[in-house]
Amino acid sequence: MFIKNTWYVACALTELEALGDKPLGRTICNEQMAIFKGPDGKVAAVEDFCPHRGAPLSLGKVCKGHLQCGYHGLEMGVDGKTVQMPGQRVRGFPAIKAFAVVERYGFVWVWPGDQAKADVAQMPVFEFFDNPAWAYGGGLYHVQADYRLMIDNLMDLTHETYVHANSIGQPEIDETPCETKVEGDQVILQRHMEGIQAPPFWQMAMSANGLDPQAKVDRWQICRFTPPSHIMIDVGVALAGKGGFDAAPEHKAYSVVVDFITPETETSHWYHWGMARQFKPHDTDLTDKIRAGQGGIFNEDMEMLQLQQVNINKWPDRKLLMLNIDSGGVQSRRIIDRLLAEEHTPEVTA
Amino acid sequence: MFIKNTWYVACALTELEALGDKPLGRTICNEQMAIFKGPDGKVAAVEDFCPHRGAPLSLGKVCKGHLQCGYHGLEMGVDGKTVQMPGQRVRGFPAIKAFAVVERYGFVWVWPGDQAKADVAQMPVFEFFDNPAWAYGGGLYHVQADYRLMIDNLMDLTHETYVHANSIGQPEIDETPCETKVEGDQVILQRHMEGIQAPPFWQMAMSANGLDPQAKVDRWQICRFTPPSHIMIDVGVALAGKGGFDAAPEHKAYSVVVDFITPETETSHWYHWGMARQFKPHDTDLTDKIRAGQGGIFNEDMEMLQLQQVNINKWPDRKLLMLNIDSGGVQSRRIIDRLLAEEHTPEVTA
Amino acid sequence: MFIKNTWYVACALTELEALGDKPLGRTICNEQMAIFKGPDGKVAAVEDFCPHRGAPLSLGKVCKGHLQCGYHGLEMGVDGKTVQMPGQRVRGFPAIKAFAVVERYGFVWVWPGDQAKADVAQMPVFEFFDNPAWAYGGGLYHVQADYRLMIDNLMDLTHETYVHANSIGQPEIDETPCETKVEGDQVILQRHMEGIQAPPFWQMAMSANGLDPQAKVDRWQICRFTPPSHIMIDVGVALAGKGGFDAAPEHKAYSVVVDFITPETETSHWYHWGMARQFKPHDTDLTDKIRAGQGGIFNEDMEMLQLQQVNINKWPDRKLLMLNIDSGGVQSRRIIDRLLAEEHTPEVTA
């Protein structure tokens, strides 16, 4: 069960554009979709099922904004209604589901649930996208694990010490207590480490930002979960004693780890990850270097999460521990559970 | 459920012969068979299960017409009875099923159902095999889809416009209405297109047959379904106005697409495809060229059918449309359903 | 269902040591284990499930004899109790199962069942390991088949004639009756062939041992099954008329085929195979040559057993024959069934 009356990242716009006149087939919250650009150039998403003979529409191609089935040429419109088909009157053809779509921040966002409730006003807002003072680079992983395991992973960064020992991990993460608070539907978990040596990834960022990579630093991690499954993590280092997170820009290297976690099925998800940074935003080589580094680091989590899922499948009744370090994931899951319950509560009208 | 009291193509004789002294293991209508040449050189088929310890007999080899199990040397006869086994008295060994076999037209045909009803007189008759005025070339595909999806495919050639756009497809197929009729157990669907440009495949055939490939032509497609799942399609082009299908041989390029569709399981089948042609029957280079072309074209259907099957599996309750263009498949399925019902009706004896 | 209150080979010590500071994950009788060297250098085995978040402990590493989870650093002790975890009090953490382990004969042995009953005195005893008069070489195969199919295979060597026709098989095996006897929990099946030509593998061994490979020989096979699933096979050839199995060492080439068959799941097992020999024990090149030969021969059984398993899965209700040649397997299975029943009989206390 997923929260479905909400916006999820379906794909990056670049993914869709790389396909030319082909649509993109993707499953979001168990809904199979064919995503394509309609007659006005706007992205649309419809069920990936041709009403004629059940062929996947995603095998077809886009002709003047209609999605032409690759089997017998039925042309599907952005609203899920058949536009035309050679030699046929199509008015009586059954419609397929069309999904509300928003293009924003370089991504295609879809609303997989009740279309009557799709509400653009509920789109999350991010200051760093489409902002010339910031740069963004990222990628996509397809992960064979419950999307909530990825939330757990990102809302407890003590795993960095073990999973990412050679890049961003360091013992001080384990040694420094974290603080978790819930504000409405948001969970915020933070950890501030003072007067430490920067780990390799941050030494690289310090050098890129003109700072001495060997200098002692204050390091912070502020994880922010918002439903359904977006996690933004303020991460950075400032020269020790300059104010940490609040230090002046010239004393720090600072960025936001961006995680859009989109459920595919109960045991798989699409993980759109990236990093937004405020320093050297025009240095595209640096963007590429960070993307490569981050991609490598995040790839280290894949095996762990996927085999954790295998283990949980084998021992479904075994209770897991919920320690203080797990509070970020625990609180996030509580919010998900509450919203799920609300979504499935019958509405009462006066 | 399959019509089982009937003849299916199990394999091409060349497939079996290519294996030397090894048998061929194949599943037909859920019946696992080991096919081999018996003591008289005639092809036989028995269950692929050694009565000794359950090893697949198809892993063994043929010794003087007996199928010797590759595990402990039990020798199976063409009648499903054990002939001998080192150091054993085999008379009490349980027999395995033996399937009636006919070798004809270059194929091995089997009767997977009630062996008491196997009747050579029910073998279909084809004029173009073993006929020096004709040439034949073909191949085999293993398709992960219900065999009836292949029947639908072949009994509605409007898909050529989309799936085979670069070879035999052309818009005129969509634009020209087809006519479907049922004659006993046979379904005939035909389409005649007049005064059109030949598509690439037929231009090649026209050149091969000494005709100007750029000339306007009359083109025909006459699909004939006969149970359980054989489809012969008269296809060809004649110079425009020369009589179409009935034109004199020197004005046309004409052939028969041969489709023997053999169910393997509920969601997979063996597709023996080929082309029989009346022109230049002794030109073996042309046979090879046509086979390569046809193989490439038919391969374009594989992905579509297999993913259509995946989609149907996911939405098993969703009704598909039955348009006029689908009438060939619809009528063919009706005949299959009627014969299936007949096969499962208890016989009444006076 | 497996006999679980007994010792199985979990792995070769060399397998574990090749992993350095990494543990070895392995499933034995459906029990998933992480195997590692504890603080005293002794091998330990615990459930492969971190009590914190369910990650496989086998993805972690060994730190000073504790198994550190690769996700968040929990350190597991050899007794299944958490030793420590950064920033946590671990006393209340749920314990996981720890398995009794014995290191002997170059292997790690585990007791997958009731740990209260684990009894080192029940370890099998082999004279040829750790004995300078003998040499041993072997390997490991992972087989997708019920472990009892491997017992059947090894307790009926008539299959050698068919499966291993080019190495150790010869028609005389089939032609010579075997004798089976049961002594307590042991099944002994023997076959003595006199005045025959040695097959290729034994010709090689004769040459290695300074005997004329073309000389007529007496050949023996004495298979000894002991529960749960160990099979030792005395195999060899002696110059004809010199006493066969009892001939003086200079007239024979003689060894013991060692088979430790460890169930993984109901339809898969770990097959530790090897050969112990009394001739030229210090010739490591010969050890390698025999290992390569034996590995190749035993690999010929893999396809047969795995496809036999597939066939048995398809026809689960079909009875298999139990011929005289099968008596070794039949008697071995009877002992397994009896011990299984005993293991599942409630104990009565006075």
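In this document, chain identifiers A, B and C correspond to the written order of the chains, with residue numbering beginning at 1 in each.
In this text, contacts are C-beta pairs under 8 Å (C-beta built on N, C-alpha and C of every residue); 3 or more make two chains touch, one makes a residue touch a chain.
This one's a predicted model, so the numbers in the text were calculated from it and none came from an experiment.
Enquirer: Suppose you list every residue number at the chain A-chain C interface; are over half of them used by both chains (same) or under half (different)?
Expert: Counting which numbers both chains contribute, under half are shared, so the two copies meet through different residues.
Enquirer: Please compute the angle of the rotation superposing chain A on chain B (C-alpha atoms), rounded to a multiple of 5 degrees.
Expert: In short, 120 degrees.
Enquirer: As a quick test, compute the distance in whole Å between the mean CA positions of chain A and chain C.
Expert: Here chain A and chain C have centroids separated by 48 Å.
Enquirer: Listing for chain C: what residues touch at least two other chains?
Expert: none
Enquirer: How about chain A: which of its residues touch chain C in the complex?
Expert: Going through chain A, the ones touching chain C are 152, 156, 158-159, 161-163, 171, 174-175, 177, 303-304, 307-308, 310-312, 314-315, 318-321, 323-326.
Enquirer: What does chain B use to touch chain C in their complex?
Expert: The touching residues are 32, 48-49, 51-56, 59-60, 68-73, 85-88, 93-94.
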